[in-house]
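Next up, some structures in structure tokens.
Next come two complexes built around chain A: one with chain B, the other with chain C.
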Partner chain A sequence: MILIPAVLILFWIVASMFLNNKISLSVLIYGKKNTDYIQVNTGKLLKGKTINGQFRAQDNYLGIVILRFNQFVKTDYDSEDVLLFKIREKGSKSWQFENTYKSGLLENNLLFPFGFPVFDQSRGKIYQFQIESLNGNNKNAVSIDKNNLTFLTGYKYPRSQILSSKKNTIEFFERKIITSFTSLDFFLSSFIYLLPLLFYVLVFLAYPILKKHKSTKNIFVAGLLLSILIDIVLLKEIYIGLWIFLIACWISCSIRYKLESKINFIIAFVLILIWVLLIQLNILDYQNKINIWVYTFMVIGLVMAVLDEKKSKK
Partner chain B sequence: MKKYFYYTPHVLLFFLVVIVFKTWFLPGIITGGDFWFNFPSMYSQFDMFAFAWNWAKGNGLGIFSPLYQAINLVFGAPIFTFGSLLKLPWEIVERLGFFYPFIILGLLAPSYLFKKIFKNNPLWIFSIIIFLFNTYILTLAGGGQIVIAISYTLIPFIIAACIKLAEDTGSPVRKSNILGALAGTQILLDLRIGYITFVAIGIFYLLQLFTRKKALKDAFRNFTYLLLIPGLITLLINAFWIFPVVVVHENPLNELGSAFNTVGAVKFFSFAKFENSLGLLHPNWPENIFGKVAFMKWEFLILPFFAFASLLFVNKKRRESIYIIYFVLLAIVGIFLAKGANDPFGSIYLLLFNYLPGFTLFRDPTKWYMLIAVSYSVLIPFSLYEIYELIKKEKRLRSLATLKINSIFVALFFVYLIYLIRPAILGQLGGTYRKHTLPADYVKLEKFLSTQDDFSRTLWIPTMQRFSYYSQNHPSVAAQDLFNVFSEKQIIKAIAKPSSQDRLKILGIKYVIVPYDTEGEIFLSDRKYDEKGYLKTISDLEKIKYLHRVDGFGHIAVFRADNVYPHFWSNNNLQIKEKYIHPTKYFLEVKNAKKGDVVIFSESFDKKWIAQIDGQKIISKDYEGLNSFVLNKDGNYNFLITYKAQIYVVLGLWISTVTVLFLLFFLFVKKDEKK
Partner chain C sequence: MTKFNKIINLVTIFLLLALPYYLFEGKLYVGGDDTRLLYSYPFEYLKNFVFFTWTNNSTIGVDQPNQFLVPFLSLWSLLDHILNNKVILSYFAFSLPLVSGFIYFKKFVRELFNLDSNYDIELYIGSLCFILSPIIIFDQLYIFLTTVWLLGVIPAIGYYYIRYIKNPRFEYIYVSMVICLFFSLALFSIPWILGFLLPLSAGAVVLLVLSKKKEIITVIKRSIFFSGFIILSQSFWLLGFLIPHFIHDKNSFASRISSQGFLDTFSPTVLATAKGYIIYPLLNLFHRQIAFDFVWKLKDEFVNLYDKTLFLDLIFPSVLLLGFISYKRFLNKENRKIYLFILTSLLVSLFLFTVNIGPLKNVFLSFGNIPGFVMFRNFYDKFAPGYIIIYSILVTISLVLIKKNYKHKYVWVNLAIFAVIILNFSAVKHTVNSPLWTTDNVYKTITIPQEYISFTKDIDKKISPTNSILSIPFTASLYSVIKDENSNRVYVGTSPLKLFSGVNDISGDMSFNFTSNTDIATQMILKRQYPKLNKFLYDHNINYVLVTKNIPTPVLSSYIFYPTAERNQDDQFLKAVSQGKKILTSSKGNYVIYAAKKRNTLLSSKNLIFKKISPVKYSLSIKKINGQQSLEFNDSFNPGWKLYLKSNSRSSFCGDIVYKNGNVTECRGDFVFFNLYDFAYSWMKPIFDSSHTQINKFSNKWIIDSEYIKKNWNKNYYTTNKDGSINIELVLYFRPQNYFYYGVIISTIVFLSATCYMIYLLKKNYE
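Moving on, here comes the complex of A and B:
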């Protein structure tokens, strides 16, 4: 009874660490600390404007600064803005690293990692960075949400350092597990490897309880819809594991409570209506997520309609 | 009074066609995007025969082009009929051969399909409006892709044929033949659209298989008549280009260049986002500037609302229910594929592109909009009528019916559809919807080149203009492609090199031309016409010593390069007399040759070119990218130079002709016998 969940939990942890394609195994990611700050202009990052930041490195081998940008409408390649990223240790007269990035790169990567040559002995030192728009205008400029700021720093440990001694290896993985699983983004990214455990729990534990209590229909359906709404509104990234889990729950719910295919289309229509309203208000942040859910509900609704049609012909 | 109302849709449609396509009914040249102008002197190059070698492609140096055979035939047939035979001017030829058939078929096809499914639904006009006046097809036709647009109009006919086949219990062979003839014609018009239709038929087959009562019993019947026989007929009709492809075993897509088959190209061409494809909104609407994606217009999202609402009205007892599901399925597939590599799940499109046979044809995913347009043209009028009837019959809504709210609702929807395409109504679209006049300078150049009997090529810097003259005797070469550079500055740098003079000489490029960019399509800076670029190119060319300016062409700058080589020449200045038989066959007379002399044939090197000398076959060898044949003895020669793959084209043509004759006999003669 305990063995299977234990194996599945182990699978989740190991697979998340080794198969995560977002963060390399040798990279430790830390969140923002209270002493860190970022100066951001409100609104779009127009030509000549800058984002300035300062932080204290929490580890050695500093190599990445990650910032979340707002959803934006990508222009064609030639008209894209160019962002100039610079970084230096506080007190240094000149910038120690500079690089330019086309703004189009951010389109599918709003949590954007600015990489630079690793600062080996960085722990405890203060670093300053600057992002400047070189061609930003009202059509192509990107922006950062000042009120919902995501600012992370990454430390890329060399392989030789990790494997140099047993102690170092254990220490590194200890820190890796702690820094990873205390990050919401990592946790949600690793959801796909959590699915076997979740389905196990659902099938063998939750389903028998739900079967006994038929009155749970409304609570379960409402709960699921609320979860989907939370996914749309609060989670800006697309987490494939979470998406599969919610779909699986919705399909199970549709089968269990014999929901009509029409419901899926009605939900899709409501989402389209919300979407239209958001476009009117020039709020683009949720567009991608709504797209996905509209399409998902349409496909589920259609499959159910086909199955209904098959049943009616029998 | 009722009688007058009966004709209201017809009148509305008439006015809509006249307003949107007004330029096509007024005097003047229709040109735009991919649809270029042809001088009457160019008609002779379009014929009803297919050739394995296309002298105009391969940047004017020729290429083995099985795919272009079909395109040439499709373009050639109307030009040959109306131009060469009836001697009509181009303005009439293009209208009769391309633009009017598109309008006529575009009006007939959706209403035919709609009436096939919903026999008593009076809102068929909406089907036509959605099918023929959506932003996708208007953009496509405006961009000059008129043959693709004609191919699109065949989709509803083909789906209607499938429905007929599935519903009728009688002998299906005749219907299957009709389906095959339609699919074969569509593939002839455009392979990609044929592929899309094949997907639509495949979905229809699978849905029938899954939902029918006697699914397994019908599976074989449906497979035979829906897929096997039509598929076979399609192959046979197109044998004249498919047969050479199979025998020669060269990927026909290679001739289109690497830009056609890389994942990067797909990502670049995925202009439409999910919201665009869902709203049946072409990403470039209305400006239709390549790569310039317009902002999403919220009003288009009402369209899917009504399209998918159709499932709310599905009554399982009604015969149409399965068709509603089918068109929703088509829409869902179309919406997903039309957005290409964009979210959600864009990687699936890339997987299909990499691994699904034939999917490499779709580096431009917007072609899948066709499935959306066809399905919306069926689903939306269905939903509208159901809502109309609901208001009329539902007791709780009866008070609304007495106020004629249902009729007002339908009328408002009509206004809404017109509102969606307001740039077309207001005459704001460019391309083929704009009036064009033939610049006098191009007429002068055409007269000058067409009266020169000796073979020579023209090099256009940076590229050809839509009024450029070219012929088999004077193929045109784009400098951008020849030097594999993009900017005018780089081209000038390349052409100024001493080695370029020899290259031009070998290729027979006698005239270097800077086009007069009347349409503002070539010399662009930030997508706008920049005269500075044009003037700078001319002044830079004037500095090149081996080029001499030829006056008399107004804004077109023509430069001559002297002593260029003819179509056939030798390394030893042999006297060569050439007799052209057709593009894959030449007869040569060579005097006083010596053993080891080389005859060079100024077309792209291809080892399928063969010289037949005294019963011996000499295979072409590469001579700086051209074909060459080594003479193996002293003396005079009379011999043929032929292109080997042509034999497969001829065999294929026989198969295609017999198939078409058989179909005509079966469809018309046999029908009369039945009567």
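Moving on, here comes the complex of A and C:
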């Protein structure tokens, strides 16, 4: 009874660490500490405006600063803004690294990693960085959500350091597990590897309960729709594992409570309506997620309709 | 059909015929990749391009069978002869796909769902939804390539196919064959046809699930029979089109689209353009984001109209939703199956037309590994016509279901959707007759100036078609710019020089297709590397330079030209690449031709006399061959070019001399379209084939060996001179041309048999 869930949990942890294509295995990601700050004096990052930040490195081998940008409408390539990223150790007179990035790169990567040559002995030292817009205007400028600031730092350990001794290896992986699974983004990204466990729980634990308590229909349907709404509104990234899990739950719910296929099309239509409304209000953050869920509901509705038709034939 | 319905149908057809007069105000709508000149100058097109498999239309030579245009151009030439008015003729070509789409779409949907005349209005609105869709405006009418004919051909063939599936009468196949024959130019748009058929194939899975085995087998059998006849009847172009795909002919259009360079463009193109959302196509609109990303003209239409009327467009998904709610109740079993089949096809089509649906984008990218799928890299274009046909079918049946379900309110829905369709179509003039991309007010509809026409006639008289001309200013594509007689309007499209004069020109980077030479000329112009450039021109048999002097300034700064390269084509450039001697000047001086610095000939060898018989055949006479010598054919390398030794060589090989350059003499050849003896080249053994190699990374070279001839051929094939050297006659022939002849034979047999069978059936029915 315990063995299968334990194996599935182990699979989740191992697969998340080794197969994660977002963060390399040798990179440790840390969140912002209280003493760190980012100074954003501007809404849109217009030409000449800057975002300034300062943080204390939490480990050695500092090599990445990650910031979350707001959704924006990408202009054509030639009109894109150019962002100049600079970083230095506090006290240093000049910037130790500078690089430029076309703003279009951020479009599909709003949680954007600014990489730079690794600072080997960085632990405990204070670093300052600056992002400056070189061509920003009202059409192409990017911005950072001051109220929902995501600021991470990454530390890229050399392979030789990780494997130098048994102790170092264990210590590294200990820190890797802690830093990874305490990050919501990592957790949600790893959801795809959690699916076997979740389906196991769904089939062997949740479904029998659902079967017994028919009155739970409204709660479950509403709960699931709420979860989808949360996915659309709160989670800006697309987490495939979570998407598949929610689809599986919705299909299970539809089968269990014999929901009509047209419900799916009605939900899809309501989402289209919301999408059009948000566009009119120039709220663009949720476009992509609504786009995905509209299609998802239509496909589910279609599959259910075909199955209904097949059944009715019999 | 009631009298009222007849009248509105006739009025609609009249309006569709009048549409180009409103859009283009009496000017020709020409330009673009296929020039659209074939609709106003069909005979010139027929004469210069379509019969031969080896073609060059402002490009280096390429194995590209264009014979699919033969039936249409023959028909259109006849119309040209009758109408004798280029504008009326080309406007009729603009309207005809819309008119036929309008007529046949109704018939198709009526047949698909067995609808009676009670639903004429819904069918009418559905067909308007199809042909007047903003997706059609932008994806088809604005570009107006030959794919536009699919708007009429797909519904027409769909209609006869459904009729045949229901009632297997041969006449449906026969009519389809005739339609496909005259509009085979539409069938050449294979990616767009597949863009329609792929979603339907996916949707057919639903039919397989819901149908009985016996029904499935019957449909499959009839489908094979129906499509088999159509495919066989199209052999005249299909054979030449398909074979290069199997034999991997170098330098053919097939090798171009399967080249690594082309394959590598799949992912970057998809990633750069898959930015749209499914909601816009569901609202019957083209993808908005791509228009903004690439600053298309469509962007203005969104800003000025579609963004403001987005709420009104909700009528389309509303209709689809109401249709779905009602389908179970109001459709019979058979129609429910078809409804679900169309709905499935729509969702698949929506995905393929959009791609950007979260994780499904990666699924589409992985399709890039399927051989041939690279043809869908411009998915937003290839799947657009298919999507809108399927979408409009669903809208139509949804309107029918609404009528059945809401007996008193359906009229309002019909009125509302009709109004939105018309409102959306109101953007047509701004979109189709819009300024040249990246210019503000240079329009693309023109009257071709008499000065240009006369000038090309002079070229025809003075320059042999075996030469190539360098057109400058050199463009980023293979375009030329011709300015209107009295305004700043321009023709911008594939250079029409060959169409009017019969002489090919090299007008831009893409004139070199996707070869490694694609941007070399531009680089040499940019870096002013004149000795290298002159050698390059010589190697490519470019012997003249055509300068166009009246290109409007905004066009020179447009996307057509590389700004620096354009600036570098100045007097210094002209002095460096030409002899400075004017060969021809147009009446007003806007077009001038100079001789290139160093002249070459299409064929070169020691003591060579040659003449052009046709674009695929040259006669050669080489005298005094003693040992080995090379023979160069300065057109693109292709293994399909073969040399054949002729017996009984003549003493009077040459009549009029066209040009003499040292050892090489070009004579005037008598054009022979087809000689029965050409068939023999299919099985005759070519000579010196093993020595056929590529030189200058471009052209053909053979090694001619007199000893080999003496040893292996009898004396009928050569004459011997006193010094022991020999004289021979050769034929240089492009062997893949014979695929066309074989195809014509197959198509003729199929058509003759089908016609005989039809006559027999008619006679039988009469008796």
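Methods note: the second predicted complex is superposed on the first by the 309 of 314 C-alpha atoms of A that agree within 3 Å, B and C clash if a C-alpha of one lies under 4 Å from a C-alpha of the other, contacts with A are read in each partner's own complex, and residues count from 1 in each chain.
Just so we're on the same page, a residue touches a chain if its C-beta (ideal position, glycine included) is under 8 Å from a C-beta of that chain, and two chains touch if they have at least 3 such contacts.
All figures in this text were calculated on a predicted structure; none of them were measured in a lab.
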Chain B versus chain C as contact partner of A:Val233, first or second or both or neither: neither
Which superposed partner A:Gln280 touches (first chain B, second chain C, both, neither): both
Touched partner set for A:Lys262, first chain B, second chain C, both or neither: both
First (chain B), second (chain C), both or neither touched by A:Val203: neither
Set of chain A residues, in rising order, touched by both chain B and chain C: 73-77, 238, 262, 265-266, 269, 272, 275-276, 279-280, 287-288, 291-292, 294-295, 298-299, 301-302, 305-306, 308-310, 313
Residue ranges of chain B touching chain A (in the complex, touch as defined): 207, 210-213, 268, 273-275, 278, 291-293, 295-296, 298, 301-302, 304-305, 308-309, 311-312, 314, 316-317, 321-322, 325, 328-329, 332, 335-336, 343-344, 526
Chain A partner contacts - residues on chain C that touch it in the complex: 206, 209-210, 275, 277-279, 282-283, 289, 292-295, 310-311, 314, 317-318, 321, 324-325, 328, 333, 336-337, 340, 343-344, 347, 350-351, 356-360
Touching residues on chain A, where the partner in the complex is chain C: 73-77, 107, 238, 240, 243, 262, 265-266, 269, 272-273, 275-276, 279-280, 287-288, 290-292, 294-295, 298-299, 301-302, 305-306, 308-310, 313
Chain B partner contacts - residues on chain A that touch it in the complex: 73-78, 108, 238, 261-262, 265-266, 268-269, 272, 275-276, 279-280, 287-288, 291-292, 294-295, 298-299, 301-302, 305-306, 308-310, 312-314
